Amino acid sequence: MSGLFPLTVAGATSRRAGHQLVGPVDLTLGGEGVTVVIGPNGSGKTTLLRLLHGAARLSSGRLDWACSTEEARRRQAFVFQQPVMMRRSVLDNIAYPLTVRGTKRAAARAQARVWGERVGLGEMLDRAAPVLSGGERQKLAIARALIAEPELVFLDEPCAALDGRAMREIEEILGAARANGTRLILSTHDMGQARRLADEVVFLLKGRVHERAPADKFFNQPETPQARAFLRGDIVE
Amino acid sequence: MKRTIMAAVFALAATGAAQAEEMKMAVTTSFHNSGLSDILLPAIKEDTGIDVQLLVVGTGQAIKLGEAGDVDAILVHSRKAEEAFLAAGHGTHRREIMYNDFIFVGPEDDAAGAGKAEDAKGALAAIAGAEADFVSRGDDSGTHKKELSLWAAAGITPAGAWYKEVGAGMGASLNTAAGMGAYIMSDRASWLNFGNKAGLDIVFEGDPVLFNQYAYLPVNPEKHGHVKSDLVAQLEDWLVSDRAKELIDSYTIGGETLFVFNADQMAKAAE
Amino acid sequence: MVDLWSGLAQAFWLVVTFDKELLEIALRSLQVTLSALLIACVIALPLAALLAVRRFRARRMVVAVLNALMGLPPVVVGLIVYVILSRSGPLGALGLLFTPWAMIIAQVIIIVPLIASIAHQSLRDLWHEYHDLLISMNVTQRQKVATLLWDARRALLTAALAGFGRAIGEVGAIMIVGGNIDHATRVLTTAIALETGKGEFALALALGFVLIALAISVNLAIHWVGRTEREGRW
């Protein structure tokens, strides 16, 4: 089985109602580690992640995986900023990706139980998902994303509006996934989180990749004045 | 569990559809409302094994049902319509079975004085003259047609606010008349069986023109192959039998005889 | 007023004495309407889900037509079914006219738009909620429909109950296509019409009360089933 990566993005843009939301973007993403997408509000972080995942349509440009696009889509998952809580139990939410892939119900639930416990939802597996708190919802969404063992997971602001404890728990889960060899691409507006998680940083500005560098280099010696200003906490336009 | 319920529902729904000795007959509301059918049907079932399913409709619709082949026979009382039905080849023949009579019903005080009339024409003239409220079936039924022919015979064109065509069956029309304290023409059976007589009473009866002949018409199997001609013939034989004669002649409501059996029992032998 | 009281009293006696005829008529009402409901749901629910999930050019039109058909006058449905099932009509050879099946067909036609329309509204909302997730998971069209139908089951139950209510209380269409034949196609509503026609208001009212009681108990039963299911799962 060939891998997903490298992913080559060439001249990719996303337009809606005449507005250029993202692009043109040229990127080549390799197959390891954690890529963190940062940038000011409205810089196009969410749209970029959706474009890469295939959840938003390309207005122009190309997106090429090392394997076929369909194959690639089967081998990745996406955690939305506000995860969808299906009107089922927590357990059945987590099991859902397996059941749509044809796993037998009992086997899917058994595995969902393991994942539910791994993300710390062991106590509430039988509860209705829509009553979970914000942090619990994120954990559920991450377990649901990881259960089918994707090679790549996108996470859009996974810790927005979470308290410190929930954030630490989620970062631990993500760390474990990374250690397991899962490729992570996530967006965040929290620079602390970016520093803790990133192997590589993509700095977006006005829909374009303004600067891209290994995390060490980006945080210590940013190349562009805008990146320096952003890291200082200045408003960047 | 779900499946069991489903299966049960379907099985139950299906039971009504398929039975052996069933035939459908369209009859008029007046016949059914008389209650006579409740006496005759069990007897028919007992003697011949036939389950006669009655479609209770107006004469107009009964004839339509026969034309379309949706019933196997019709039992109606409107000679002109019956003859047209036969002339168009929809039925095989017409067999007179029995008659009952029509009456005029009106407010107990009979303000229009219809009760004092010599004959039916006179009664209608009195009602029209007083412009007293009169409810007409207005539904193209045998009773409605009879009423119209009586107006025509009296030389009156009923029109105006007092003449109310309700376009409904006998019972519903009687309800309307009771509600308004109006005059109405009804068959005797429907009237006697009517439960809501509030303030109404018979004001005129007995004129021979008010007699109401019922006839049995089998639907022509040459037009509709699915018609159960053998059952239809069996039923006809029964309807003109001595047993039917006895049941029909002895049927009473509140001590009053309703129907007079007058089938030509000899015709059977001639066939 | 007298009629109301005697109607209530008569209804009471009919029920406590297990009146044979009443039982037969009430059971037939249930059989016909539940069969119609089942068939209508099998047609309407997937249709509603497809309308929610699929984008096609005529979609808006279909939804608008469904909404319009909700107000379909039952008498007209009855007349059309009658003409089609009549021996001289296109499906006359089936011999369905004046059988319970004719009534079921008429009721299905009456309630499919109602159920589909109500179901479509809740399924559309749910699809809006689920859209991103299901698209991201690459689920097939069939899986989308199945997921929506299962997760919206409570709302769909409400849609089905609305259909049940409309069907069991319907008289115009089934009178025409069923013919109100004693022991064959007589149901509660047509029996009520018949007794009213005979001026037997008390009996008609009694049947009416039985009809109402029946409708309420079916509603309660289904809600109860829905609740126990929720408690069991969550």
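Letters A, B and C name the chains as they come in the text, with residue numbers starting at 1 for each one.
Keep this in mind: a contact is a pair of C-beta atoms (placed from the backbone, for glycine too) under 8 Å apart; a residue touches a chain by one contact, two chains touch by 3 or more.
Please read all numbers here as calculations on a predicted model, not as lab measurements.
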Chain whose mean Cα position lies farthest from chain C: A
Pair exhibiting more inter-chain C-beta contacts, A-C or B-C: B-C
Middle chain, criterion being Cα centroid separation: C
Distance from the mean Cα position of chain B to that of chain A, given in whole angstrom: 80
Gap in Å, rounded to a whole number, between the CA centres of chain C and chain A: 47
For chain B paired with chain C, centre-to-centre distance based on mean C-alpha positions, whole Å: 33
Sequence positions of chain C contacting 2 or more other chains: none
Complex contacts: residues of chain C adjacent to chain B: 27-28, 31-32, 34-35, 38, 86-89, 92, 95-101, 104, 179-185, 194, 196-202
Chain C residues touching chain A - in the complex, by the definition given at the top: 126, 129-130, 132-133, 135-140, 143, 147, 151-152, 233-234
Contact footprint of chain C on chain A as seen in their complex: 53, 55, 70, 73-74, 77-78, 80, 83-84, 86-89, 96-97, 100, 126-128
Footprint of chain C on chain B - complex, ascending: 6, 9-10, 12-13, 16-17, 24, 29, 33, 41, 51, 53-57, 67-70, 169-172, 174-175, 178, 193-197, 224, 226
